[in-house]
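Each of the next two complexes has chain A plus one other chain: chain B in the first, chain C in the second.
Take a look at the complex of A and B:
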């Protein structure tokens, strides 16, 4: 019995989140890796496990980021839609309807939330993230974080973020909602610091 | 002759009790002075608005416009400054402004409604579901549209924003929220403002709007100084480089006017006193003559107390105008002075001789001013009492007291206009020239324009005018909109009237942008009807078909059977009616308080529309509803203009009839009457003609000046006719000339003022008296020589 308890304790200790003193070096490592990243492009697939759908919704598209604040998020399948952002202003489009509209994240609270999240992950902005989330390290190699909102009342329960092995970009983001729904984004074929034409962030 | 004897006798009797007379006079003046300092004054422009018609109540209602009593603060950022920095600066400024002068500063809507707004508005939609909404849904929600909207919901769920939209889409897959949110556009009090971080920001994001309240009265010029000081000190302290702030409120106009008047007074008083000193040095030269100039001071307090006996409170505007009119009282004193200086032998005889024209002049002037008692403007009626009391006092002082303070005897007096020169051979040439000028002026006078805009009476400095323009361009029409009030004894009645109004406006002015509560807060009965309409729509054939299409399309896209269960449940859920509190919780309290308020025993709602001629023309139809009242700044101004014009024409006509009647009674000779009228007719036609030629509009101040010109002009005529009639000269020509010069020095100098009020009075008096004096001194003698031979 004592042996069982000792093994259990050992397993729990090795699997438990890192203590605070061990978190900082990991963040510094991720931030240091992000410092050298000027641009990122990648493909992504998105799985939505929502109660309102009988099946898992799978979609795919492309993502681009350029420092400090340019983004392109583009769904290609099964619908064409997306947005580009440069600074505070951006444009989103709806391929099915064939329409597009400009937006400003200072006056569009929904797009502001979306842009802030994507930029924070892309930049590994732990200052911003720590203001809003309680961060927990689930693993170091690859770096895996759990983010729990500091303020309640929202739809989000927690986020789970897995970085690439070289720490330069996010490889997977899981959003777990309080009602049990979840969205999983998997980034693949990432290229780092490839020059991106300005047109990438215009539409 | 009787009059001559009476005043000669009085003079002799009082001369024996000179000391007692002066003590009693001084005591009476001290009593009136004490009463004067305790007068309750009312600084309200309403005293100068006609009582009949709607002008007075219109003015009161215009002050209920949302921004009429607010301080509007505008922050401007240079291009390099970010919007966030502008917002932070605005918050710092709002916090820094002292609460003694800025009791409340609003930086944005009361609360952050955010995402709650959409679901909250969606939740109350059945209460707001109008006939137009039902027709719109019937038209728009066809099977293809429903399919499209379900597809849109599906696409939105895949997009990043789908994280936040999921719950909303479950309740509203058909985008009915658009219907509810569009109703909020009727609440946009600041047309061009956008919300950014719960602050009002302009579309170019270079301006930010704050709204403030102050406990300081808008007429408090000392308070206005504190307000400006506090504001610009706080702005200097907290605003970073690249951000400027300024504000607009009634106080700034008050301060600008008070400052301008003070600055003008130094210039005007300096010129005026220099000119009067020169007149004194050239024509009067005696120390005792200073008593002449004290007469108006003594008269002022007595006249003001007389007004207070009849009217309470006394209009401060009346006192201001009255003080101007009492300039006339100095003329009586000048005539007495000259008569006594020209006295040969007994001064009582000279006083007796001057008493007749003096009383004639006084009576006709009193008659002219008494006509103002019939005015529709309460301020004008007060002015009538003031002037009549003032002239009576001036006559009594000039005939009973002043003679005992002035020297008598034939001293060497500089004659400005020797009689010989008045009777030169070129007399008829002069008369012909005068007639031609008069005809020209009469012809031009047809073009005189009346301006009833109360703002034209006050000074608007260029920087405030520029700020008004900038605010209007940046934020849209904050001021100057047409207001429509719907009233009722309770909220339900007022809101029902508002609903009727909105319905009619939608019919007669469908494309006009308006601000109204009706789409957002209908009367309870209307809300019940709306809920019934909502229920009928969704239980009806078309509604059922929409729901069936939705379910089919949702299934096609893989939505679960329960995906839109919240939507179906809400279609038939029983909901409570909405009240103002609902919107307060969403952060719209400020806007609702501006548009829905209690006044006396009534509740009123306010609808705002553009104040343009086509809108006003269309709005005439709504005034048939007794619970609805339109107040338009444009219409208000034109009504005031018309009222002032009517009042003025009535005054001129009645005064003319009364003065002519009095002159007929006094002179009993038509020729003398015509002669006595020569100066006043010359003064008036000259004034109207020149003003019309110069394009100077006629306002309330010009009317007061006109009264002065009439009073003085008639007096000049009477004195000159009496002189020609009696064949004796008590220095009448010099007296008329000197009194004319003092009037020009005292009031004509006002033309140097920058303030419209001072300038208006100055220009009228300068032109009018400049025409009346030569007519009295040169034309009347020539005509008299011929007619009174």
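Take a look at the complex of A and C:
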């Protein structure tokens, strides 16, 4: 019986995600890489998979980030829409609807959720992330993480994040919802630390 | 001077009339001379009375007072069971709501928690898509009036009157309107396209004067699910 338990334990340890002692060096590695990143620009594609309709809504656009808290998220296809953010304030637009309006993430909960997530990943802010999620390492090269919300009751089941091979930025974000829906963001053609004009974050 | 005044008055009248028939962001429908059609011929080709199930993807703009809420809507219209399943997401992929709408009710399958603060949002959306796609529909026993370029069918609903307007060569359903009584709303259907899923309006505008909102739909994609 003891032998069986020992073998079971050994198998579990071998197959399980990285234990805490092994997670920290990976986070330190990612945080160290992020420290040197001042700006990021990239293309992205966004897939929304709706379980109820077995349907994928695909869109694509450009993303830009500048430390500490500037973002540009711009959809180009199938409709032109997006937002820019500097600090707490920003502006969002929608070409089809002909709208352009300012917002403040302190009073706009939906934009706050989006901005917090994008900034946390762009900055590799593991302190912020650990407060909200239980983190699990699925792979080290490339760094691949699974995050489960610490508080239940929300729509999110878990996140799966894949970093670029050089650790400087996130290459893929998967948001898996409890009802089977998922949003997959894939970032490509990333440029790191290129100067960005101020206009990038204005609209 | 008199000539100038006449031209100005004419221009003003023209602008006012154009404003009354505003198509929103869509081109005004192309009307043609009518023919002495029977009611069944007017209603015969309408997408609204077909029996197949179609799935449509729209870009949607909901205008509630000064608030403008753009979204992407996926809608499955079962014209036999007369039900609609509607899922809306925003441009960032966040699911806003998931509703099942019937002729006389609706069920909220999901509502993004932060949207729960907008009281009546689900009901407003359900009532809107019901009016646009599901109910009311024109009937054989409506009263038919044929003008030079339009076919209109009418029936009384209590102290209000419901009017359906058809026009163009097919003819196509161009509008629904309820006037009088406690309610007042109008739906305009624009930019008809022949698609594998059938002949469908590429643009729809609903204005609910009583509730004070406007819903604009741009059709992006349509698939036939059965049949």
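In this text, the second predicted complex is superposed on the first by the 185 of 203 C-alpha atoms of A that agree within 3 Å, B and C clash if a C-alpha of one lies under 4 Å from a C-alpha of the other, contacts with A are read in each partner's own complex, and residues count from 1 in each chain.
Definition applied: a contact is a pair of C-beta atoms (placed from the backbone, for glycine too) under 8 Å apart; a residue touches a chain by one contact, two chains touch by 3 or more.
The structure displayed is predicted, hence computed values, not measured ones.
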Contact-wise, after the overlay, does A:43 reach chain B, chain C, both or neither (first, second, both, neither)? neither
By the touch definition at the top of the document, which applies to A:96: first (chain B), second (chain C), both, or neither? both
(Q) A:138 in the overlay: touching chain B, chain C, both, or neither? Say first, second, both or neither. (A) neither
Exercise. Could you look at A:107 and tell me whether it touches chain B, chain C, both or neither (first, second, both, neither)?
Key: first
Practice prompt. Check the residue A:76 against both partner chains and state whether it touches chain B (first), chain C (second), both, or neither.
Written response: neither
Where does A:155 make contact in the superposed view: on chain B (first), on chain C (second), on both, or on neither?
both
Discussion item. On the A-aligned overlay, A:54 touches which partner chain: chain B = first, chain C = second, or both, or neither?
Written reply: first
**Request:** Could you tell me if A:192 is touching chain B, chain C, both of them or neither one (first, second, both, neither)?
**Result:** neither
Residue overlap on chain A between the chain B interface and the chain C interface 46, 48, 50, 52-53, 55, 57, 59, 73, 75, 78-79, 81-82, 94, 96-97, 109-110, 113-114, 155, 175, 177, 181, 183
Residue positions on chain A within touch of chain B in the complex are 46, 48, 50-55, 57, 59, 73, 75, 78-79, 81-83, 88, 94, 96-97, 106-107, 109-111, 113-114, 118, 155-156, 175, 177, 181, 183
Seen from chain B, its contact residues with chain A in the complex are 83-84, 114-115, 148, 151-152, 154-155, 157-167, 170, 194-197, 201, 205, 558-560, 562-564
Within their complex, chain C touches chain A through residues 25, 55, 57, 59, 61, 68, 70, 72, 74, 76, 85, 87, 89-95, 98, 110, 112-114, 216, 218, 220
Chain C partner, complex, touching residues on chain A are 46, 48, 50, 52-53, 55, 57, 59, 73, 75, 78-79, 81-82, 94, 96-99, 101, 109-110, 113-114, 154-155, 175, 177, 179, 181, 183, 185
